[in-house]
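Structures are listed in the sections that come next.
Across the two complexes that follow, chain A remains constant while its partner is chain B and subsequently chain C.
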Partner chain A sequence: MSDAEAHAYDADMRRANRRKAVDGRSVIFKIKRCDGPGKPSRWESFKVPVEEGANVISSLKWIAANPVTTEGSKTTPVVWDSGCLEEVCGACTMVINGRVRQSCSCLIDEYAPLEGDVITLEPMSKFPVIRDLWVDRDRLFSALTRVKAWVPIDGTYNMGAGPKESPEHQQMRYALSECMSCGCCLEACPQYTKVEDEEKWDTSFVGAHAISQARLFNEHGTGKQLKGERYDALSGPGGVSDCGNAQNCVKVCPKGIPLTESIGAVGRGTTIHAIKQFFQGKK
Partner chain B sequence: MSNPDGPMQKHHFLLRRLHSLTGILPIGVFLIMHLTTNSTIAWGGLNGRAHGDGWLDRAIATFQHEVSFINETPLLLLIEITLWASIAFHSILGVIYAVSGNMNNGSYKYGGNTRYMLQRVTGYVGILFIFYHIATLRWGWTWLVPGGVKWSHENAASTLAAALQGSTEQFTEWGLVVAIFYFVGVTMLVFHFANGLWTAAITWGFTISRSAQKRWGYACAALGAGLMVMAWASVVGFATLDYDQAREVEEAMKSGHEPVPQMTDDHTETATAEHSNIDG
Partner chain C sequence: MSDEKRVIVVGGGLAGLAASVRIAEAGVPVDLFSMVPVKRSHSVCAQGGINACNEVARQQGYSEYQHFDETLIGGDFLNDQHPVLEMANWAPKIIDLLDRMGVPFNRTHEGFRDLRLFGGSLFKRTHFSGATTGQQLLYALDEQTRRFAAEGKINKMEFWEFLWPITEGEGADKRCVGIVAQDMRTMQIRSFRADAVVMATGGCGLVFGKSTNSIICTGGAASRCYQAGAWYGNPEMIQVHPTAIPGADKCRLMSESARGEGGRVWVPAKKGDTRKPKDIPENERYYILEERYPKYGNLVPRDIATREIFDVCVNEGMGVNGTNQVYLDLTHRDPEYLTEKLGGIMDIYEKFVGDDPRYTPMRIFPAVHYSMGGLWTTYTPGKYQPESPVGEHKPGNPIPVGNEPGLGLTIGAHNNAMTNISGLYAFGEVNFAYHGATRLGANALLSCIFDGLCNGVSVVNYVRDGVPAPASELSQSVYDRAAQIEQDKQDKLLASVGSGKGDHSLNPYVIANELGEEMNAASTVVKTGPRLEKCLAKLDELSERYSRCELGDGAMWTNQSLSFARSVGDMIILAEAIAKAGLLREESRGSHYRTDFPERDDEKFWKASVAKYNESTGKSDIEFMPVKAGLVKLRPRNYGKVDSGTNKEKIPPKQVAEANA
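Entry: the complex of A and B
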């Protein structure tokens, strides 16, 4: 089965599940819980009645109001992180049935159509757990600082209007600009591993999202002033060359960002950057 | 390795790119040449100038001719040492890079993720295979060869057949293990090369767009399929080769029937006939 077919199969399966969803059923949420950083994790299950249009977040809200496990013992409410509830902020990203995605857009009808079906919820494994399903994504944002994912416009004088932009180029950059820093690409990446020690973040693999953001700002008329510095950062330890080309990132990206094309483009950029430096010296 | 001032970190980019480059040049290019030479056991019968009447005799003679030709290369040891050093460099760095990741093929069953896993597995097995291959057939560690046959470039086909079969008489059980190991080894290495060629194009930035990556993927798959046929033909060819028949052709070549006359006009025919008479 090709990747495209596997994708279509997933979508077809979810659509088929939605059609056979039974009204008035209850489903089981099996949740990996953890009381705090460094604490051991444990599994707890909850039986949740499914309302029309229910998603994982609305089910978690029901559990928060009725924190009783399937064994009947009272427990603490399950903690999770969320913001926009419309798949544009990335905060509610978690591992659902073994695969990473946003929980707000995860419909129960598509995942558990029948009475007693089980949905497994786990926190992302590549970031430190704060509590239950809530993780600390600081490293993800520090990677954006590392590659200077911004346009340098702060100064003491007006820099005037930016350069002209063609519609084609604007469309290419728009696709890259849709990144919401959710962490799906990092969670699914076999080369991006959990690093607890903050000191090591700057030499650990930077991840697909930051490589793609570096490309976005390299393609910006004013942002490209920092191109050399971005390539310096991305040529170092943990830079673009740490990518193992498993290409899971592009498959799990909820925004369909061409992450592997960005990796190829930044690979080309760093190659040329290195050749220039070899013959011209560092500037 | 985690030392931020260590050589691995300081020359990170250069080492990564050299790791990628050595996989293609010299290792990949050598692989193509090596498989071309070895697969003559399957197609060498096409060589009308080779000694021997039958298809297989001509194949044995062509292979022997190629091996002798390679052994006459000036500074051969220097070329070999360059290759061994490149393979060692590619292997050591490859293992360091491979263990830095954590495979997750159970959760994410995508084709690319499978190839990522296979690239690492074939690398690990490939290192073992290449080491066994060089140690036994080049460095003469005959204690690792079932039957203890020492490969000789003067009897290239026959001693290779014996090394793969475990004896000069018939297939032994350990010979079968070696032959299967060779089959698995070459299969994995051909995959490793073809897939590595595909990912190298992304690493260096030759292929950026998805369609370019796809096109280059087809090219690499075609090259891989071609090399795979050559690799399988080589292993099967030598694993099924009769020791005595190969030995006969090799001895005949040594006793002066090589090179075979190229021209067939009356003058040379007479000369060859006379020459044969003297031999006889």
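Entry: the complex of A and C
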């Protein structure tokens, strides 16, 4: 089965599950827990009654109010990161039944339709665990600084409007600008590995999200002034050429951002930039 | 510690980021504290847009002044007038700036910024970026903040929770000189020095349990300032959105365009009917709005729809399956038509509920959405000071005053957006000044950014010229003592771990759930004196239980239960002010609707309710203070009243669908 087929199969499966979901059931949450950096991981299971419309967040909240495992031992509430619960802030990303996604939009009916069905929750594996399901995604944000993901405006004083733009171009930028820095594309990427040493972040693979953000700002009338610096940042070790073309990123992106297109565009841009620099004697 | 003067900004949403950028740009270093990476702040949730006069509207007779006038009538005249004038005058320039920062505003064919119609105006004056305007604006400011951080001008302290403002001096000399905060990962509590502190911590939706707010919007930070002596203005003014999708975890907005496209609101006519909706025949359904308002039917204005849906569920207990939900039914429409017209919102519903609204009626209920109230702030009025207030402004008429900066507020005056404590500012949703008794759609994003950009200058001037002594020169004992008090409070909470007998009613999550249910039922859509009194008694009970609460986690590493438990106490204290101000405001105004006092009473209540925390009782003392007006004359808020048979229909406001909200 190809990835695309697997993806469609997944969606069909979820829809089918929804239809057969049993009212008034309880399901088992199997959660990978860890008390802190350097501490061992362990699994704990919780039997959670499924209320109507339940999702992973509401289930974790239920566990917080009833922190007793299936073995009957009292434990601590599970720690996890969350924010808007509308799939626009990116905070609540985790690995659910083996696939990375936001937990707020993960409905229990779609994953565990029958009495006793099991849902596994794990923290993302590409980032250091802080506690339980909460991981440290600082590296993800530092990649945005690395590619100078901003428009270098003169200042905040009133200087009139920004550059004019066609609706088509705006649509293109808007699609890229919906990236909520959730990290799904990084979790799914075979080239992106966990790097705990902050010193090495700037030479480790920057990831699809940051490459796509570089493209976003290269496409802005004023933002493109930093194009050269962005290409420089993406030329060296850990830059765009580290992409192994697995194309997993685009499949797991919850916002459907055309990440592989961005990688292609930035890849071509970096090459041309390098050739220009060569002929100008800069490198 | 360097002797350079510094500013602390608490909160990294639109207001906090705009303030940080503006202050850092002026050369004053900023320490920016946020419980989340600032890019994940609640501002991302705003969908509809941001209002500003623009050239097209101007040529059609619109003006900044009209935007100002609309905001006042929208707020039922409870707004402070001068800052609203200044905000409306700045609005077009703020849009320009956001445009320069790269916000992908929707465009016309010719490449200009496109506009949409929004409630409370007959002119297209709302700029938007897809269906996620708030997210796009926040990202633009996040990017500029990242740039300043890379240059060392802003120091981001993410995953730090604000615990308390540090003050020195008493009475009129009392001023804010720093904060106590806690690293949410290591749990370290420490104090930080600052010459001024800007609170930009948003609203308090979680006081009402499930709201449209993010999980971090507890109002905890505002409550802590209030307990430290900052006044809290108009706490009872809470906006409720009529159509939200009740989820097991939160409520998500459902656009009003669903009603616009023929959606019918109904409940089973027989109380407790548990059949699936499609098994209930037409004659056994109660079409609430169509039967109660034959003329307008499902298209009654927002506030009426909100009240009727609330009434049928809460008062009559006729909600679907006994829950607080009604059907919003589009299944009689052609599925293809629905996909074409409402595709986006159909998908959102399906994603979060799991039902396809083309085939199964949606289930909706009103939800708390925004707090107009917040920390009380003051300002220095600007140059526009008419001899007597001006009457209603009609489009196309000469405007009484221009649009240059400095007419509403004296730009840069030290006290603009400052609380009653010197050096403690409140920006954005946590500032009570702008929206009065109800906020107009697409004005929230504006007030946040305006506060940051305009009043950020005041903060800079204050730290440069207004502080008697730099915070860096103050005695360390002030800071140590403040941190120790927080440490002691925390130790007390931690000591409760495993102390009790596992009494479920003492679990902080259980207490918070009950708080939310009570506040939602008593203090949102429809309020009455007796119900609010009952609510206050319930809050007493919760407060007593909270004092004995048992924490479920004693870890000294990333202890979210501790952070949550602490905020539950702060929420109960804020809830008391919300309920008490609601009880004392014996009138109906804007979002505040008292069935026992259904009319606006200007003589008694054209006043801001100001809550002052009484340390000895642990409760609020409410004082009614005159609204800072003088620019526009008071007039009834009726949006061209239409008689349709019942006295409940006070107004059909917001005629032009806040469909995109």
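Rule of thumb we're sticking to: the second predicted complex is superposed on the first by the 269 of 283 C-alpha atoms of A that agree within 3 Å, B and C clash if a C-alpha of one lies under 4 Å from a C-alpha of the other, contacts with A are read in each partner's own complex, and residues count from 1 in each chain.
Going forward, contacts are C-beta pairs under 8 Å (C-beta built on N, C-alpha and C of every residue); 3 or more make two chains touch, one makes a residue touch a chain.
Bear in mind the structure is a predicted one, so any value in this text is a computation, not a measurement.
Shared-chain residue A:41: touches no atom of chain B or chain C.
Counting the residues of chain A that each partner touches, chain B and chain C differ, and the larger count belongs to C. Look at A:200: by the touch rule set out above, it reaches chain B but stays clear of chain C. When the two structures are aligned on the shared chain, A:235 is found in touch with chain B, with no touch to chain C.
In the superposition on chain A, contact of A:70 is made with neither chain B nor chain C. Contacts of A:261 after superposition: chain B is touched, whereas chain C is not reached.
Contact residues of chain B toward chain A in the complex are 2, 4, 8-9, 12-14, 16-17, 97, 100-104, 106-113, 115-117, 119, 199, 202-210, 212-213. Every residue of chain C that touches chain A in the complex is listed here, in rising order: 21-22, 25, 36-37, 39-42, 44-45, 93, 96-97, 99-102, 104-114, 129-130, 132, 135-136, 139-140, 143-144, 146-147, 149-150, 185, 214-216, 246-250, 252, 351-354, 453, 502, 507, 509-510, 513, 552-553, 555, 557-558, 560-561. Chain contact summary for the complex, chain A toward chain C: residues 18, 35-36, 51-55, 57-58, 61, 64-65, 67, 74, 76-77, 79, 82-91, 104-105, 107, 109-110, 130-131, 134, 137, 141, 144-145, 148-153, 155-156, 158-162, 164-167, 169-170, 173-174, 177-178, 180-181, 217, 220, 222-223. Per the touch definition, chain A reaches chain B in the complex via residues 2-3, 6, 98-99, 188, 190-191, 193, 200, 203, 235-237, 239, 241-248, 251-252, 258, 260-261, 263-272, 274.
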